[in-house]
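Read through the structures below before going on.
Each of the next two complexes has chain A plus one more chain, namely chain B in the first and chain C in the second.
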Partner chain A sequence: MVNLTIDDKKVTVPKDATIYDAAKSAGIRIPILCHDKKLHPFGGCRMCLVEVEQMKGRLIPACTTPVTEGMIVKTTTPEIINARKLVLELLLLKHPVDCPVCDAAGDCDLQNLTYEYKVNTNQFTDEKFNHKIDYENPLIERDMNRCIHCGKCARICDEIVSFGAYTFINRGIEAKMGTEFDGPLNCEFCGSCVSVCPVGALVSRPFKFKARWWSLNKVKSVCSYCGTGCQLTLGVKGNKVLTTVYDENQGFHNGQLCTRGRFGYQFVNSDKRLSTPLVRKNGRLEPATWDEALAAVAEGLKSAGSDAVAGLVSPRLTNEELYLARKLFKDVLGSNNLDHSAGYAHSALSHGAMESLGFAASPSTVTDIQKSDLLLVVKTDAYETHPVLGFEINLGVKRKGVDLRVISDKKGKLSRLPKAKTYVYKPGNEILLVNALAKVIVDNNLTDPSAMGVAGLEEYNKSLEGYSPAQAAEVCGIAAEEIIGLATDYAKADKALILLPLGLGYPGHDKALAQALINLALVAGKIGKEGSGVLIMGEKNNSQGAVDMGVYPAGNGKGATDIIASCAAGATKALYVVGENPVVSYPNRKKVADALDKVGFLVVQDLFLTETAEKAHVVLPACSFAEKDGTFTSVGRMVQRVRKAIKPIGASRSDFDILNELSSRLGGASFADSSQVFVEIAREVAGYNGLTYDKLGDEGALVPVAVKGRFVPVAASPVKAEAGKYALVTGSALYHCGTMSRFGQGPMHVCPEGYAEFSREDAAVLKIQDNDLVKLTSAGAEINLKAKVNMRMPKGVVFAPYHFGEESINNITDGSPVTWVAVSK
Partner chain B sequence: MSNAPAEELQTQEIDLTAANQVIDKFLTLPGNLMPVLQGIQEEYGYVPKPTIDLVAERLNVYPSQIYGVLTFYAQFHLKPRGKFIIRVCVGTACHVQGAERIVETFFDKLHIGHAETTPDLRFTFEKVACLGACGMAPLAMVNDDTFGKMTVQKVEEIVADYGQRPMK
Partner chain C sequence: MIMPLLKGLGITLSHLFKKPVTLQYPDEMPEVAPRFRGLHALNISHDKAKCVACYLCPTVCPAKCIKVEAGEDENHNKYAAEYEIDMLRCIFCGYCVEACPVDAVRMTQTFELANYKRADFVFTKDRLLEKK
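Up next, the complex of A and B:
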């Protein structure tokens, strides 16, 4: 620790602190323009100049100068004030000062400091900048005339996002913040640069001219896309969510969001939202009153009888709603036929972790990522499923020297990180590879002493027979030495964390893969230490909550696959679908669609008239997360508060409201509001005990777990390639999540439709180029997608994302990890 | 004045073999970006866009940063350059001796402006600061040949002379 004096105040701070940090910790504000706590110091703007007794004669930038023992600092002398005024005058010289039409007004550091320092005259004159404004994309407007060259956009895009869109270009007075060839911005559109830009040089176009910043009502909530659980602040006015407001103090991610969170909120106020209940009459969906619709639903669900009623309930709902749904099925309808996410996208947690660890959650949490020594990302690039966790990985690798290893069937963005190593295996063979890693550990006496006390070790060791690195090398296409090297590095790393992203797009052996990985972590003694363990990353905003609330079949209940099959067979007579869109997101579209056409009574509750809702007998218009109070539980078990920002749109009602009323119509319990349900959750659900909304506060609370690990041997046989066919693997596009992001402007700009990615080698053989239409055929069904050709795909493998309704990939997939397809032009 | 053909040339197929060889040579050298870019410029006479993407991919650097470097150092050229680089000094001494007229005459004769290249890639024209031979002002250079005491007449002679020389 270092002691110093700032403005006559004694301050003690860690020795790596800067003067700026020290002042801040003492509650003394030093103005800044180019500094950002998340970024490497830059020291370019000189706004933070202070005086240091020991360095008299010149003013010192507080943001880059480290503290030293006994330092005496003054932060506001007349000389300092003059120096800061001069900085501002020089910036204002070329700046257009068009605050009346600038969206940053009110939230602009330059404007606020100019006001604070009363800079109402300028001793200099000069011409204004005359840069062309970049209006080429619908999300970010770049007006470099307003730029103050703080470099924050370039730094965040490099340091945290790892995209690197910007750099200072040209020299001298021509110098400006620009892109490659000074062209229009063409990037991930995460909006991080907009968030940190201190002025209005980078602004959000969807928000342009929508409202003055100070007139917005700012409501803290949680992103409703992926499972990362990013906190966000909604900017609300006139019952509309107009933007997301950046708050650098929110969440583990310091307010950072991805394109879905930042630019994907438009589904809330979309004019495609359902505005009234619909009931099918004479074969057509006709508007109906809530009373009529709910009476029909209550009657339809009840008359089907407990064996013949089933539910598919989306993990996008709040915990309170999921809890109510579970209660409705179990206690009121007497049915255990309840599931979500096609039954498989949660099985890694609900069944895998449950059997292997004794609880249906990850033993690790998101803050372990940066504390780890070695990260093992498995099956797919965690960046495409959970972008902000991708930022955490970027930071871990670049700042903390975390050793990143990716084992996947293709390369991803993370593969490009400095020193990252990617092991590309032949699709579908991931479990075999993981078993081989474990085999190396066991055979080389790297088994951690802690594993000796874990149940099932002996049997597990035996089960690894047949997974030697040589055998695995043959099947996976990764050299045996590489497998041995990876296993050894993993075992020897002091702290090693496995990341397993999940999702509807990654069907196959979720449960088995999770168990194989948990075995690996147990044998290497990696579970139960900070920065170590396994992080199973549920796909949706409340995937973990849905598992915690028990929205999956218990006892003799049917899971999603059986529910669909029994709809087709006529055994399930009434199906209640809440927020899921099986027609597009479950494997085997035709089978699902036929089954839903057959079921006697189909209720769909959703924001939109989805492909599934079109088949319903009754459609109930539900509310978005912005219209709700409640909680979501994120990846790594963080329970966080979702807050109502606007009133329900049109005649829509929250899922809470609808489920609650159905329950009471059917003679079940009824709750006053979501907080009352949470009281019951806190009583009934393990890990949630003792939680209250008050205790969650802004930070949220971590659900505790107690690991009781055991080895569960998992067998894997090599995936057989089909001659002349390509291995199709599916998944998430970086910019989308589920099927809801199709109603978000950001995701739809960056990725408006499905596509198929090919390696350069395959593209050359098939004579296809970017944007050519290609036909993928499997088992008699075909779809046509635009091609993308790149370096990340290995030869013989095709990737396609699943989110889109048109030419949806589930026309040709059936839930196996790999689909063998013929490709033609 | 338009430079369209020269720009079109940039989007044409570029044979990346030479660029790949340059990258191979420096691949393991720390701080290899500058030598790689210099090597590429030596091979192609300028740094074609496809080579920037190639360098970005192979050295794992952002294309934007490479562009930043290329535009920061005057030594790099992003457009194809003519076989004959005409430089006219507009430093103080030359200015006083009427350099502007010389410049205008070149513009007129070549139909290109400052830092532009003729469509046939024969000439590139540049205004430059003091060339250090103020005694001979106004001064012009064509590649390494120096021409002192420039006149409108001499401009015509230079254009005619270099206009006939072989391009290979």
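Up next, the complex of A and C:
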């Protein structure tokens, strides 16, 4: 620790702090334009100049000068104020000062400082810039005339997003922030640059001219796309969510968001939102009153009988609603036929982790990523499914020197990080490869002493026969030495963390793979330490909560697959679908659609008239996350508060209200509001004990776990390649999450339809180019997708995302990890 | 006793020969001061409203009677797609004129604002543009 004096205040800070940090910790504000707490110090704007007693004669930039013992710092002398005024005059010399039409006004650092330092006149005169404004893309507008050259956009894009879309081009007075060949912006559109821009040089186009910053009501909530659990601040005006507001002090991610979180909020106020209940009359869905619809639902569910009623509930709901849904089925309807996410997208947690670790959650948390020494990522898709965790990986690799290893069936953005090593295996061989890694550890006596006491070790060692690196190498297509090298590095790393992304797009990533990975972590002694373990990344915002609330079949209950099968067989007479869209997201579209057609009474409760809702007998309009209070639990087991920002759209009601009303109509318990349900959750659900809304606060609370690991041997099932066919692997696109993001304009601007990615070699053989329409055929069904040709795909492998309703990929998939498809033009 | 009475009548009598302070409105119209704050008008420049929809007038308005919705024109510029003043709420303080950074709104000398329907007191952009 270092002691220094700032403005006659004694301050003690760590020795790696700068004068700026020290002043901030003492509550002294130093004005600055080029600084963000997530970025490295830059020292570009010269606003933070201070006077240091020991360095008299010149002014010192506070943001880049480290503190030294006994430093005496003055932050506001007349000389410093004059210097800052001069900096502002020079910036305003070229700045257009078009505050009345600039969206940044009110939240503009330059405007605020100009006001604070009373810069009314300018001793210099010069012409303004006349740069062309980039209106080309639908999400980010770049007006370089307003730019003050702080370089934050370039730095955040490079340091955190690792995309590198911007850089300074030209020199001197002609210098400006440029893009590739000074052309239009073509990037991931995460909008990080917009969030840090201190002026209005970068503005969000979906929010352009919608409202002034000061008129927005700012409501803190949690993003409702992936399971990362990013906190966000919604900018609300007139019962509309107009934007997301950047707050660098929010969450583990310091306000950093991805493209969905930042630009995907429009589904909340979409014109397509259902605004009234619909009841099928004479074969058509007709508007009805709530009373009529709810009476029909209550009657329909009750009359089906407890064995013939089933539910599919989306993990997008809050914990309170999921708990109510579980209670409605178990206690009121007497049925255990309740599931979510096609039954497999949660089984890694609900069954895999449950058996292997004794609890249905990840043993690690999100903050472990940057504390680790080695990250073993299963599939590069971890970046696409959970982009903000991807940013954490970027930061770990670039700042903390984390050794990144990826085992994947294709390369991806993570493969391009410095020193990252990607081991590309043949699709479907994940478990085989993981078992081979464990075999190397066992055979080379690298088994951690802590594994000796874990139950089932002997049996596990025996089960690894037949997974020698040489055998695995042959099947996986990775050299045996590489497998040995990876296993040795993993075992020898002091702290090593495994990341496993899940989701409806990844049918192979279920219970077996999670258990194989937990075995690997156990045998190497990596569970139960900080910066180590396994992080199982559930796909949806509340995937972890759905598992915690027990929304999966218990006892003799049917899982999602069985529910669909029993619908087809006529055994399930009433199906209650809450927020799920099985027709598009579950494997085998034809089977699911036929099954739903056969159900005697289908209720769909959703925000939109989805493909599934079109088949329903009763459609209940529900509310989005912005219209309700509750909690979400993130992949890192963080329980966080979701706050109501707007009133329900139209006549829609929150899932809480609907489930509560149904429960009371059917003679079950009813609650006054979600906080009452949370009280019961805190009493009933393990890990949530003692939690209250007040205790959660803005930060949220971590659900504790106690590891009781045991080895559960897992056998790899062989992948049967079909000659002349291509291996189709499915997954998430970076811009989408589930099927809800289709209703957000932001994601749809960038990625409006499905596509199929091919390697260059395959494209040359098939004679296809970018945007050519290709036909993928499997098991008698075919779909036509636009082709994308790139270098990340290995030969013989095709990738397609699953989110889209038209030409949906589930027409040809059936839930196996790899689908063999014939490709033609 | 009689003297105060006569004195009072004298004052009354003297007023008969003075110019009356009242005005025979509406037969006679008052002379309105140049800085009178009457009905608002939107200024025009190059055949377009000068307003750039900066929202400063609704922000400063103490009666919350101004409603602005911004739009983006074909040149990507900001303009007021909607501009409404609710005269039933307006207190004619003139802060909107003071706040306007582009001299787009002024107050005219029109003070005859009576009308039959409440809806007629809401002055839309078109109505405000017509005022000279």
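In this section, the second predicted complex is superposed on the first by the 821 of 825 C-alpha atoms of A that agree within 3 Å, B and C clash if a C-alpha of one lies under 4 Å from a C-alpha of the other, contacts with A are read in each partner's own complex, and residues count from 1 in each chain.
The definition used in the following text is that a contact is a pair of C-beta atoms (placed from the backbone, for glycine too) under 8 Å apart; a residue touches a chain by one contact, two chains touch by 3 or more.
Predicted model only: the values in this text are computed from it and were never measured.
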- Task: Using the touch definition from the top, say if A:101 reaches chain B (first), chain C (second), both or neither.
- Result: second
- Message: Let me test your reading of the model: by the given contact rule, A:210 touches which partner, first (chain B), second (chain C), both or neither?
- Response: second
- Message: Contact-wise, after the overlay, does A:180 reach chain B, chain C, both or neither (first, second, both, neither)?
- Response: first
- Item | Touching partner for A:133 - first (chain B), second (chain C), both, neither | second
- Message: In the overlaid three-chain picture, which partner chain does A:416 touch, first (chain B) or second (chain C), both, or neither?
- Response: first
- Counting touched residues of chain A, say whether chain B or chain C comes out ahead. B
- Find the residues of chain A that appear in the contact set with chain B and again in the contact set with chain C. none
- Within their complex, chain C touches chain A through residues 52-56, 58-59, 70-72, 76-78, 101-102
- chain A to chain C touching residues, read off their complex: 99-101, 105, 133, 135, 141, 208-212, 214-215
- Item | Sites on chain A touched by chain B in the complex | 154, 158, 163-171, 178-182, 416, 418, 791
- Note on the structure: In their shared complex, chain A is touched by residues of chain B numbered 49, 52, 57, 60, 62-68, 71-72, 74, 78
